[in-house]
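Note that the chains take the letters A, B, C, D and E in the order they are written out, and that residue 1 is the start of every chain.
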Amino acid sequence: MALLEIEHVTKDFGGLEALHDVSMSVDRGEIVSLIGPNGAGKTTLFNCITGTMPPSAGRITFEGRSLVDLAPYEIAARGVKRTFQHIRLFDQMTVLENVMVGNDHQGRTGIFSALLRPPWVSREERTNRRKSIEVLSLFGERLLPRLDQQARMLSYANRRRVEIARALVSGPKLLLFDEPTAGMNPHETQGIVDLIRLIRDRGHAILVIEHKMKVVMTVSDRIVVLDHGEKIAEGPPQAIARNQEVINAYMGKRRAGID
Amino acid sequence: MFEQLINGLTQGSVYALLALGFTLIFGTLRMVTFAHGEVYMVGAYVGFEIIRLLAPSFMLAILVALAATALLGVIIEILSFHFLRDAPHVTSLLVTIGISILLINLAQLIWGPETKSIPYALLDQLDYGEFEIWGVYITYLQIAVLMVTVLLMTALYLLINKTKLGMVIRATAQDYEAAYAMGVNVNVVFSMAFAIGSMLGGVAGVLIGVYYNLFYPTMGQLYGLKAFSASVVGGLMSLPGSVVAGLLIGVIETFAVEFGASSLRHMISFLFMILILLFRPSGLFGGKELIQARGD
Amino acid sequence: MPRALRSILANLPYIGLLALALALPSLLGNAYYIQVAIFIGIYIILVLSLNLLNGYIGLLSIGHAAFYGIGAYASAKLMMEAGLPFILAMPAAGLISAAFGYLIAKPTLKLSGIYLTLATLGFNMILFLVLQSWMSFTNGPLGIMGIPQPSLFGREISSRPQYYYLILALVLLTLFSMQRLLNCRFGRALLAIREDQLAAEAMGIHAARYKIQAFVLAAFYAGIAGSFYAHFVKFISPDSFYIYESFILLAMLALGGQGNLVGPMVGAAVLVLIPELFRFLQEYRMIVYGSVLIVMMLVRRQGLLGGKNYSLRLTWFDPPAEKKYYRGDKFLPEE
Amino acid sequence: MFKKMMRFAAPILSVLLLLAGATITAHAGDSVKIGLSAPLTGDWAEYGNDFKRSITMVFDKVNKEGGVHGKQLQLVIMDSRGDPKEAVLIAQKFVANPEIIAEIGDFSSSCSMAAAPVYEKANMTQLSPTASHMDFTKKGKNMFRVVTTQGIEGPFNARWAVKDLGKKRIATIYINNDWGVDANKFFVQEAKKLGAEVVAQEAFVPGEKDFTAILTKVKRLKPDLIYLPAFYADAAAILNQAKRMHFKTTVMAPGSLFSEKTIELGGKAVEGLLVAANYFNTDPRPAAQAFNKAYQAAYGKEPNMFAALAYDAAGLMVAALKAAGVNDRSKIRFALEGLKDYQGATGTISYANGHDPEKELLKITVKNGKWVVYNP
Amino acid sequence: MLELTDIDAYYGPIQALKNVSLTVNRGEIVSLLGGNACGKSTTMKTILGLVKPRRGRITFEGQRIDRRPPSVVVKAGISPVLEARRLFPYLTVLENLRMGAYTRRDKKGIEQDIERMYELFPVVRERYRQPASTLSGGEQQMVAMARALMARPKLLIMDEPSMGLSPLYVEKVFEIIETVNRKEGVAILLVEQNANMALSIATRGYVLQTGEIVLKDTAENLLSNPLMQKAYLGVA
């Protein structure tokens, strides 16, 4: 059984169907890309998985247990973490704190233990810091010197990186990346591609929404194509690249007159 | 009972007028003002001065109060909103609190802290006979208060739904960025909305000031807060909702006194507000009428 | 440098300030100034507690005086009628206030933004009106008089300097506990919720629970401040807990700057002092107060010390950890 | 490090500087200072200003005549806003200033009583012109008042209403504050004892303006007398609204309503209002006439009862200072206790039996828009 | 007619546009292409005056319009079709059209134009009494275009008109864009992700990548330019 199973998921917003009967799955150690033109329902699918907007119909199971009707924080605690299309960092917190928040659900420190500070509290805090710094070190020298900078001071690419680190720090079983390379130059994009592979190699499954075909083609094990809320194709990169329907949907049809 | 109903409606119409102001301002600017009660107070004092110094004319007092409170509204808008558009909500809120403190104390300097009233010789010229219906005496002043209220509400309804300005206010309320991109000077629209809301408050001040013939600096405090809860009960953005909620609260308060709960009286509006917030945060009627108001 | 010496040096500013605070009564001498200092202390606790909500978790409460009032009435009643000693009455007042905080927070927290704010306003008004009209319990607008003096460990607290040291101790406790709370998982979660609740929840933070906890905590601290107030002024009446008191707390917070522990203290001090300093202006002084508030919000909306994280890290208790793990481009493997 | 320290210390230093600034107090050479704590802003500001006017007038006169024991009297006025907490702060400020020898105020019972422990501890005399709460003078040995308490006024009015006027069905409408609750309680107790039926007791909160609901209800109960412990603005509103609904009945009220303002605000609606007053402008007693004239000369308007009470407070204070000297706070109270038959504008005052004065009250009423002595 | 020279724009500390220069001539359709977050919408907002550029200049028919509010820009003859349409959801379709003509004072002309829009967009006539939010996405796009045309613009700038529309409607929308361009003689700056579609009706195109213009050419050349595919889609 696959890690994440999505079966016949439909989501409608007051009559407008953003997703229609979508089924797909993500397996352990797999990178699956979700592509499709703007407004195809990719982000909506992410929102359904993470509990931000529960699906109107259909089943979503993770490790065999249903995710539908769980709150976002519960889903996150089960090991599903995400990044956002429009980067959502905690702007006034430092880089390190941002990443440490990703570990919140693994902590035990509550009000009373915070006040009394038994030894395990500082141990927990230390472990959290160490893990966070370790994750941040995946980006080499880019973020380590900026641990104590407020997130809002970072460049666009670095913000992306912090967001990824935040999602990654708790060691989730499944990572959802929503356009991780948007707004990055080719060099930076390559860095992300390498990183996604590295993450996969560490044993995380990844579902990624991406527009840059080059990224999609090089990084994916499998590609799922959405258009107007429906899955129109699924398969390995080579097959998708040749699929005319996909090309039409994604890049827009060439009009007969000019073609 | 009929008499109590009339009492409640008179009282409620004031809440309604004030609540309309809150609603218009919140609906358009998405900000809460705590200086609205003081706008009401200023309106009342302006009316008082006009009747006392110029002429014992109800209409004149209302007109001048309209102008004065519109101006005051624009000033408040500029201080509390225009300069603070990108600031957190609480900043605007605090400025209006500051303005409220300032206005109360300025009024105290100008008119003195004591309760003033229009001399009876002048007031008699304003009057107004009375008539009896089912054993209840109703004065023409009471009728005038109700009529002006109804007139204003109708005027506001027409303004919002039938004029270009109204359309622009609604458009700005719904999506001010899009309105801005259409070439609307949204700053002016915000000021206008605030001014109109303040005018309603100002007129309420004149009406109630003359009706009870009592003017004092802190007269707007409790009224302001209650009208505000009426606005919430009505849905914060619904103009008809504020009217109904205002009237309803007025009537319920009156009947609370009738049934021996005088001390509960002032709690009612706030209890009502909390209940609405808990069980129906969008207000009695869904609460989107300002931005939903339909012309035809 | 030996570690002890280093931490003494690092804590020098705090030691200096503490010494100053301890010496303040003898420096001031005059009982009136000590009294002003005591009121500053009360407001520091109140504003710090409000700061938990408005500054840290981003819930705008405009009815905080309600919890202050509950604490004051609870403490007075517990001591006068249940015969509890002060040392029990004060925390009990805090707990009762916290319980009300829970009752308010639980149902209202599902409301968003402005609606929650309005609910706090409504609660404050209702509490005020209840205190005013429940004659048999609160003695209505007459208020409760003759509230006994506190006594701690057999010692009566009666002189101004004694009260001063009591409130100083409470302020220090508040600061100490808050900085412990905020410098760990709990505080980080609050900030994350303030910054972006959706992202925080997507990272596994149980926002609703944290919000309730923050509300309860804030109510607790406010209740403690109320208890002290009751036993200090020895007279409480509903007027002291009217919505305008909440507004003043908000003003103090906004003026000082929120989201850190220093700003609220400064805000409380300044707004207690302004009316005192302008007492000679008699009826003009409230005009000054209102104007200061307006001008301040327009020219420096983040407050005197807002927008920055003034870390109140007490280095004896919390050695900064990150430096230990990060050396140059390498981080140390697990110990 | 230093920077960090400064960043932290700067706000606190600035606070200290502010405090230091506040310590610069004026030094007066040959003067005696009396504190006045009164509401100059807020809901009760008008009364505070009445205090200020009357007391300034008395002190100016005394100073012109050479002062007390050769020293000029100086009034230190502070605004309590009607807030008990403020009153406590002010008390502390007065007590801490060794030049201030005694205090007059506050206006409301709650402020006066909140501040009382501070004065008591410092052994400073606190003389409130108007605090009428029964417990005020029980707060300590240094608390005095000029006004008669509701404990005296209430039963006095009840006897007037029930025994003299023969009213049997009585309704009360009272302001829900410390004073109003007391005023209502003492009246109702006595009236019931005398056999009257109290058909309604309606409270209203300070600031209330709409009384139609209460009046409609009371009207239906057909009382033959309404007792109205309220202040003049409220009373004027109540009576105006009652008139508008053609609700005619006898109305009686405590001395709080005795003011020109009642007639100014109430117009024809207050005709026939019955009041028992401490002070009356056309009171033929010389002290009252002297005050009335002096006040009119100074401020160009008729004084009210509050002004008269404050006038007497100032006069009593001057008398006490003359007797006790101006050097020792603790002596003033003995001087006050020793005063016999002080002829004040509000009657003959002595503190021989406790710190509440016993005075003969005047029965007055409104006739043709004027206050006149009640003459059945 | 429209000329952007060396525009730099920022969102907070983040640079969104670097050195962007482009021109639109009278009567032509120009496409501005690029992937997500590449600065397309920012360019459009900068032209409209919703974002203030930190550097550079924008002229329209010789008039400087950078740093001017939208009211001036719209009056000068530039009308926007906003991203995601941004209709006023609770105004009727007719009211939305009137909002488009906000800056105009000629009542008669406005009424005539409304009639014209009814002809150009039959949907608008059918639905003119309905609140805009009750329309489908494609219908809303029509209304949005009609609203923009109500200002009688000389230049129409359109932000992703194809977004979220069904293929059928995308086709239709582009047809209408062409019609509008031809019939009304309005120049159009088309900000699009749907490259093939956009270029098929455009005369020229620009490709943006991370806030910089990386390619500019005629539409035909761009369509056949392999670099364009690479830059825009990252297809190898």
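Here is the rule we use: contacts are C-beta pairs under 8 Å (C-beta built on N, C-alpha and C of every residue); 3 or more make two chains touch, one makes a residue touch a chain.
Not measured: the values here are computed from a predicted model.
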Chains touching both chain A and chain D, listed by label: C
Touch-network distance, chain C to chain D, counted in steps: 1
Partition of the remaining chains by touching, absent chain C: one piece
Taking each chain's C-alpha mean as its centre, the one farthest from chain A: D
Most distant chain from chain C, judged by the mean position of its C-alpha atoms: E
Rounded Å distance, chain D centre to chain E centre (Cα mean): 74
Intercentroid distance (Cα basis), chain E paired with chain C, Å: 52
Inter-chain centre distance, chain A versus chain B - centres from mean C-alpha coordinates, in Å: 50
Cα-centroid distance, chain A relative to chain C, in whole angstrom: 40
Where chain C touches two or more other chains at once, by residue number: 129, 132-133, 283, 286
Sites on chain E at which at least two other chains make contact: none
Sequence positions of chain D contacting 2 or more other chains: 40-41, 45, 176, 203, 205
Chain-to-chain touches, reported pairwise for every pair that qualifies: A-C, A-E, B-C, B-D, B-E, C-D
Touching residues (chain side chain D, partner chain C) in the complex: 1, 4-5, 7-9, 11-12, 15-16, 18-19, 21-23, 40-41, 45, 77-79, 81-85, 88-89, 92-93, 95-97, 109-110, 113-114, 117, 133, 135, 139, 176-178, 181, 203, 205-206
Residues on chain C engaged by chain D in the complex (per definition of touch): 9, 12-13, 16-17, 20, 28, 30-33, 35-37, 39-40, 129, 132-133, 135, 140-143, 145, 160, 233-235, 237, 239-240, 262, 265-266, 269-270, 273, 276-277, 279, 282-283, 285-286, 304-305, 310
Parts of chain B lying in touch with chain D, wherever the complex brings them together: 3-4, 7-8, 10-11, 105, 108, 112-115, 117, 119-120, 123, 130, 136-137, 139, 208, 212-214, 216, 218-219, 221-222, 253-255, 257-258, 262-263, 265-266
Residues of chain A that touch chain C when the two form their complex: 50, 52, 71-73, 76-77, 81-82, 84, 88-93, 96-97, 100-102, 104-107, 109-111, 114-115, 117, 121, 124-126, 128-130, 133-134, 137, 140-141, 144, 147-148, 166-167, 170
Touching residues (chain side chain B, partner chain C) in the complex: 32, 34, 79, 83-84, 87-91, 93-95, 97-102, 104-106, 108-109, 225, 229, 232, 236, 263-264, 266-267, 270-271, 273-274, 277-278, 281
